[in-house]
Amino acid sequence: MPYVKIEITREGATPDQKARLIEGVTDLLARELNKNPATTVVVIDEVDLDNWGIGGLPVTQFRRQLQATRDRQAG
Amino acid sequence: MPYVKIEITREGATPDQKARLIEGVTDLLARELNKNPATTVVVIDEVDLDNWGIGGLPVTQFRRQLQATRDRQAG
Amino acid sequence: MPYVKIEITREGATPDQKARLIEGVTDLLARELNKNPATTVVVIDEVDLDNWGIGGLPVTQFRRQLQATRDRQAG
Amino acid sequence: MPYVKIEITREGATPDQKARLIEGVTDLLARELNKNPATTVVVIDEVDLDNWGIGGLPVTQFRRQLQATRDRQAG
Amino acid sequence: MPYVKIEITREGATPDQKARLIEGVTDLLARELNKNPATTVVVIDEVDLDNWGIGGLPVTQFRRQLQATRDRQAG
Amino acid sequence: MPYVKIEITREGATPDQKARLIEGVTDLLARELNKNPATTVVVIDEVDLDNWGIGGLPVTQFRRQLQATRDRQAG
């Protein structure tokens, strides 16, 4: 009967990968807390990159900035 | 002032059906808890079938499996 | 298989009132969208008044302000 | 490490506006609660108008009704 | 950078069990989607039994009813 | 009419701090997206430390580990 929401950036997760997330989380809850898989609900929410912020920036800018920092350190 | 989120699989709910969900939930909260309809927010989230898991499987596979079981029992 | 989250301020909803919310939402989804009640999950989240904001204010202050406005208009 | 979800109706918010929401919420949490911006996650969820209810109506109808009331009062 | 919310009924999950849920979900996202564990957030929400509905009933009543059905079938 | 959920670890945020979060987020949405403050809902969810995971660990262990790393680097 648990409910699990997984929020990730929308970057091409395949149906197979999503199926393995669903299976993996359901198994985990059965194994650790003895939850019934038959009534475990898992919802995956894929979020557009513009709509996901981290470090005060949209994730695309955040990654660019991170890469620039690494390039400078390596340069 | 309540907030209600309804998550369903995306399977063609019509605008009219969604309007009746919004009206029904708002009325329910007014009737049972005396909540003010004017500030009751209802958000409907339609989730792609690949992104909804139940019984450890994406819902499409889950339904196929359920149907196969029924067919065997009936067969 | 729907999942519904109801967020309300914590103000003494009784177990009976919560049971009627659960029943009412489940019935509504069965009636309007033909959803199976057996797998409809409803979660009620009661939120402390300090943690609920509306109109830019915690709800307790918001109500006080609203009352003051009404008193002035009536006075 | 905070997580913030912002739900708004889908009405053409631009990437720049969304970037400013992400920056503004992250700054607010750093300033008021000393939360580390580097691990603050902000997710913006844009909801179709048919799927957003207020006052017991889908938001498009709600606004039409509000406008009609104002027109009558002004007329 | 994923965010995962796990909602379960409040029935005495221990800190160790919760730590294993956090570890398990984080590992799963790293393994299946190559997500960085350092920025994966997992939030566990334990919900009072009165506030969790399934099959149109608060979960305590739902289980009692399920048990009664089984007893009758076995009796 | 926006809805905002802020999830933070439960570590003694005061009512005043929470009021400033509510005010700040509401102002931000009015300023950037012209959203009506009167119907902006902000909900703050304070999560127990055992129930918040980051980096595959409950946050308390995560911080201890981070501190140990820093101590070693400084030592």
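Letters are used for the chains, namely A, B, C, D, E and F, taken in the order the chains are written, and counting of residues starts over at 1 for each.
Everything below uses one rule, namely that a residue touches a chain if its C-beta (ideal position, glycine included) is under 8 Å from a C-beta of that chain, and two chains touch if they have at least 3 such contacts.
Bear in mind the structure is a predicted one, so any value in this text is a computation, not a measurement.
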Any chain that touches chain D and chain B: A, F
Pair with more cross-chain C-beta pairs in contact, given E-F and D-F: D-F
Listed pair (A-C, B-D or D-F) duplicating the A-D contact set, over half by residue number: B-D
Intercentroid distance (Cα basis), chain D paired with chain C, Å: 19
Interchain centroid distance [CA atoms averaged], chain B/chain C, Å: 18
Gap in Å, rounded to a whole number, between the CA centres of chain E and chain C: 23
Per-residue multi-chain contacts in chain B, two or more chains: 1, 3, 7, 21, 25, 39, 41, 43, 52, 54
Residue ranges of chain A touching chain B (in the complex, touch as defined): 15, 18-19, 21-23, 25-27, 37-46
Residue ranges of chain A in contact with chain D within the complex: 7, 47, 50-58, 61
Of all residues in chain B, those that touch chain C in their complex: 1-9, 13, 17, 20-21, 24-25, 28-29, 32-33, 35, 39, 52, 54, 59
List of chain E residues in touch with chain D within their complex: 1, 3, 39, 41, 43
